[in-house]
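Below are two complexes that have chain A in common, paired first with chain B and then with chain C.
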Partner chain A sequence: MDLVLQLLFTGIGIGAVYALVALGFVLIFRATNVVNFAQGEFSMVAAYLMVVFSVDLGWPYWLSFLIALAGMALLGVIFNLGVYYPLRHRTYLPVIIATIGASILLSNSVLAIYGPQPQVLQGWFDTPGIQLGPVYLDSQYLLIIAVTILLVLFNFWFFEKTLLGKKLQATSQDKEMASLLGISVSTMIMITFIYSAVLGGLAGILVAPVLFVSIQMGSTIALKAFAATIIGGFGDVTGAIIGGLALGVIETFGAAYISVPYKDGFAFLVLIAFLIFRPQGIFGERVAEKA
Partner chain B sequence: MSASDNIQVPVPAVRSKPLIIRHLPYFIGAAVLVALAGSMGFDGYVLNILLQATTFSIAVFGLSVVLGLCGQINLAQATFFGFGAYAVGLGTADLHLSFWPCLVGGCMIALIAGAFLGMSTLRLGGHYLAMVTISFQQIVTLVMINAIWLTHGPDGVSNITRPELFQSSQSYLAFCVAVLAIVGYLVWHLPDTKLGRSMRAVRDNELAAGVNGIDVFRTKIYAFGICALLGGLAGGLFAGGFAYVSPDQFSFAESIGFLTMSLLGGVASPVGSVIGTGLLILIPEWLRFLKSVPGLYLAIYGLFVILIIRFMPDGIWGFVSDAFTRWRAHTKAPPVAAALQLKPATSGGDIVLKVTGLTKHFGGLKAVDGVDIAVKRGGVHALIGPNGSGKTTTLNVLSGLYKATAGKIVLDGTDITNMAPHQRTAAGLGRTFQNIRLFRSMTALENVEIGAERPGNTMIGKGEDALTERAMEALTFVGLGNRANELISSFSYGHQRLIEIARALAANPTLLLLDEPAAGLNSTEKLELHELLKRIAAQGLTILIIDHDMTLVSEAAQHITVLNFGRRIADGESMAVLRHPDVVSAYLGSE
Partner chain C sequence: MKLTRREFSAGLAAGLAAPALLRSAHAQGATIKIGMCAPVTGPAAESGGYAIKGAKLALEAVNKAGGILGKQGELIVEDDQTTNPGIVLAFSKLASQSDIVGFLGSIRSTQVHAMAPDVLKLGKPVMIGGTDPNLTHMGNKWLFRFRPNDSYSGRVIAEYGVSTLGKKKWAVLHSTDAFGTAGGKALTEALQKLGAPPVLDQGYANQSQDFTPVVLAIKQSGADILGSYFTFENDLGIFARQLRQLGVNIPWVGSPSIVNITALKLAGPALYNTYGVADYAEDSSDASKAFGKIYRDATKVAPDNQSAWTYDAVTVLAAAINKAGSTEPEKIRDAILAIKKFPGAEGEYNFDQNGDGLHGYNIVKNDKGKIVFDKHIESND
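Right after this comes the complex of A and B.
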């Protein structure tokens, strides 16, 4: 029982990271109708920025954190202008191929600069964690869960209560109508890319102390996060969060009770099962294309 | 585009020579290449590069089928390549089997894995497919590394043997080149077969493909299966050539490599595949320093992918062949066609379409609510109603794009309520769309050929020639016979609408559904459309038409059904219905 509680805590912690990245996926998908296959690389690049400033240059953690997030915002701008924007009038296939190209470019550029050796990044707190009854609560996991809760609340407030959020929603639902109402669609899409790059970066920085900073961390996280969005119901914000948490828990239990080397395979099996038996996910409703 | 324009200068019909003779130069060229590969005294280094280029090209052919022809993405081609390679590797080295059964087994494993993967995902959009193939790639790599009892883990498999007949590297290369030539020939001609046309139709417009009788899901699975099969074949040949395989040769990076090769050369053609593969194998050999920094080489691939997609979407070969096509355009005069015969099948009674209690709800919205329609054989029946009255929804439920919430649809005695769109088409339904849905990368003739290929079309004979003949008749019938070989993009909006009608007519449907055919047409075009409808009706084809143009409706239709707020508010003989007070108030409002 103790082990179960311990695994549940770890699973939710890691699942929260998937949820954050999944949120980035969903936001870009809703704004552009395109899945950004480089979303995971945003996390990886942010983690490496932390390593550069906090470890290599020895700058304060909070300063490195702010610089890394600013770097992600800049990456979001470059990504939008270089990858998405020139292809915005084409069908989805060229766009996803371009984002896959961007993902390969980003991860291998970092590899060429930093080499294949995984890097270590300290956690935010000096205290490693606290013992609560039978369960040991790792401070970094606690932080991840707390930040995720805050971000979900922020997200809700931002999209439902602010004018900018409503404009973003309007853009994602009907670009032509939004532009007729005087909303600058290209600005809205730019903001979406910046926001989801920062979100992805945040997830990468939070999870780095738990996982190790490596080239593969991006694609691993992105894969799980995408599975999470399908499990939750594609394009659904709540679904992405629930799906992410569920996947984190399933994977942690699978690794503990079934097999460690195949840990990364469980997400795939769950994904395939959902695709076959419930492709619309837990919350999703599939809508047919209008003829 | 009126009937008088149909008179064409007779061109003597040239009976096309048998394919084998027309393609003789290809086979002679291929034979010369095979002979060269088998006789030139290459040194080991050159031989290895050629062997790699040859086997990789076959794998990239697979991508040109699935991505180029069918528009579906596969980011796991290295996995299927790996299945073939490991089958040959483990089979010959560990089980001491001979090469051939291992090669066949590898192809089968790849095919089955590809078909299974496709069946789980191809009903959904392309994003799912991309992510699922990446996941599949990752999991297979995990198994290759960790299942040491089976795969020898990271050490890989060595001492792989070749067939008796091709023991020397030189003769083995000649064998691989021969396989490349044969597979290349098949892939080159796939687009002109029924399956190939179906794939292109699916790529261009899935909805239109479905209502023209193509089983979209099955076509995608075939494309995906062929791609996986070619991957397996290539991998098996690769393993025999290099006698050693290890997991890193089949990683995600390799899948990206295949994708880049395919995009660089030109995704739509096997020639492009060979060009792209050759370049991406040779360039790194010339620029060796790129390989000294890990990652640099793949980073450049990634950049390539972005740049190609942006600036050269059809690849090198697409660029070259485009220029070539433009240079020799319009040399082929379309053959002259006989008059189009429409002979609707008759198996039911006097009523061709009987709709009872048809209901479609979207969540809480009742778009169509218990509608009854009975369409008489040989007549023109109109379905009218104000905006939002449920007309187009009704049509979409009839053609199977939406699933009915309740109710029953019987077409010529067959219950089609639960059929998929392509099955309804096979049962005798034809339709056009309000917002034109043609296959944009094809010529007018090819579009209409896809319509003519409808399963159950009794009006065409066997073979390609009969198909072309039928399509030409339909195009001539709508007045566009002399422009049959032009691409869709060169036609005006009104003409595109006519091509869509021709596509439906070529299929010889029992019932033709026309979804607002007059929308967006100018007044001359509307008159011509009216003429065309008369000529269609004169042949006894039953038509169900939706339109806002009351002149068109009242003159063409003998029978009108009126919908408002998803319900039927009037039904009967045209003039009586149009004077019905409920209809007048629905359109004009009541006092």
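Right after this comes the complex of A and C.
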């Protein structure tokens, strides 16, 4: 039982990271109908910004955190104007290719500026974790889980209870109709990119003390987050969260009880099973072609 | 005399090409070129930088001492991207330059396996740092190893843990790539010979984000000592932290990655009091100390095996070419295999007919972040 609890905690912790990045995928997909393959690089860039402000410049952690997130908001604006906006009237394929290009540009830019050395970023708390009976709770994972819960609540309130949230939803559902109702579609898409970049950045900053800060950190997480998005149902916020958590728990238990080397395999096995038997994901709706 | 159009065209082409051809001929003769595949990008880019530095420092020393066959040595580096396809591409780029007389391959066995068929096809000497024993035992006579192979590291880890530390219940943890699998196998075989078969033999995939299931498996196995073969420092750092957080404090003897600079930086106190087999230990010999000083002076960073093996590889290759008096591959090969009692940064080189230069390991301890030399264990075979 102790083993199960420990694995469950770790699985939820790592799953929460996937969920945070998956959320960024979903929001941009809903607003623009394209997958942003640079979402993982948003996490990596934010983690490096934290290293610059907090470690290199020695600024207080909370200040570095706020400035790093502000930097991510700016990156969201630049990304929207530089990658999405010029291609907004094209089909989804050029936009997706542009996001892949942007992902390569971001990782190589960081490599050129900061070098290839992995960096250490301290966690938010001085205490690495707490022993609760037989289970060790890593303080950083606790923080990640808490932030994920808060974000779920925030997203519900924001999208369902605020006018801006409803405008964003309207834009994602039908851009032409939203435009006819006086909603500035380009502004809504800009806000979505900013929010997604900040979310991706938040995930990167939170996970950096656990996985270290490296050029590859974003792509590793993004691959799983992408799988989580499909499992949860592409385009569904709740699905992204549930998909991420499920993936984290499945791979952790799969590693413990079946095979450690095939840990990643379990995640993708589940993905394949979903693609075959329930391609719309857990919360997605079946899209039927009309006769 | 009347020129035909064809004669005019041929003359013009020859006239345009002549300066370039002359330059090329001059360039070919001006230096002796050594090709090097190194991870400039990818997960091992940091250690790749150390490797390139080691090779450059060796070449500087060689050039100062008169060069290679009276000419200056020149290092041509190609990025292997820390991937198998990357090193195949990098090597093919270098191999296409016919004036390169010898090469430095990878410290990663899996990459050496990937490039080995092309090495055999090319038929020129390639210095390697990969420690999978099979690399020099698979009929490829052009591979020469500048680190002790894992059959030695496995034996030394087992010997030290069983005889010196007195532990018999082993958990063996290794990466599932070529290096880790071969290392884990060598350690397991050595433990079986010592009458202490491992209670847990656990593989893991590279670039894992979480090692909780592994740590819990070690805990449940009842092991009283851990032996490990990690390929990437990121993995080692994450594992070391989780091992300590989950309360596992058994002695740990690891493969050389446990004492390299990046791992020490990432894992910090989680690696205190661990032991490692190290092919490079600064205090193990005068040659090691001398290299340590040169490297520190040049880089302000502590030396480790990443830079030491490339330093030795270039030094030995240059010495072999000078001794052979020729850049003919077969003659260089014979000269390398004839090298005995050659003092290198990694140890004393005595090449056997398989191309293995070193036959023993140092044991070092992480004393609060400082790597302290304990002893050298040499094998007689």
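As a convention for this text, the second predicted complex is superposed on the first by the 274 of 291 C-alpha atoms of A that agree within 3 Å, B and C clash if a C-alpha of one lies under 4 Å from a C-alpha of the other, contacts with A are read in each partner's own complex, and residues count from 1 in each chain.
FYI, contacts are C-beta pairs under 8 Å (C-beta built on N, C-alpha and C of every residue); 3 or more make two chains touch, one makes a residue touch a chain.
Note that the structure is predicted; figures quoted are calculated from it, not measured.
In the superposition on chain A, A:L111 makes contact with both chain B and chain C.
In the superposition on chain A, A:P261 contacts both chain B and chain C. Judged by the touch definition given at the top, the superposed model places A:F212 against chain C, while chain B stays out of reach.
When both complexes are overlaid on chain A, the residue A:I183 reaches neither chain B nor chain C. Of the two partner chains placed by the overlay, only chain C lies in contact with A:L3; chain B stays clear of it. Once the two complexes are overlaid on the shared chain, A:D138 sits against chain C while remaining clear of chain B.
A simple residue count on chain A separates chain B from chain C, and the partner touching more is B. When both complexes are aligned on chain A by C-alpha atoms, chain A residues 111, 115-116, 215, 261-262, 264 touch chain B in the first and chain C in the second.
Chain contact summary for the complex, chain A toward chain C: residues 3, 6-7, 10, 14, 111, 115-118, 120, 128-129, 136, 138, 210-212, 214-216, 220-221, 252, 255-256, 260-264.
Across the complex, chain B is touched by residues 29, 34-35, 37, 82-83, 86-87, 90, 92-94, 96-98, 100-112, 115-116, 215, 219, 223, 226-227, 230, 234, 261-262, 264-265, 267-268, 271-272, 275-276, 279, 288-289, 291 of chain A.
Taken together, the chain B residues at the contact with chain A in this complex read 71, 73, 75, 120-121, 123-128, 130-132, 134-136, 138-139, 142, 146, 207, 252, 256, 259, 263, 293-299, 301-306, 309-310, 313, 392, 395-396, 399, 401-402, 433-434, 437, 515. Partner chain A is touched in their complex by these residues of chain C: 41-43, 45-46, 48-49, 176, 202-205, 207-210, 212-214, 216-217, 220, 233-234, 237-238, 241, 245-247, 262, 265-266, 268.
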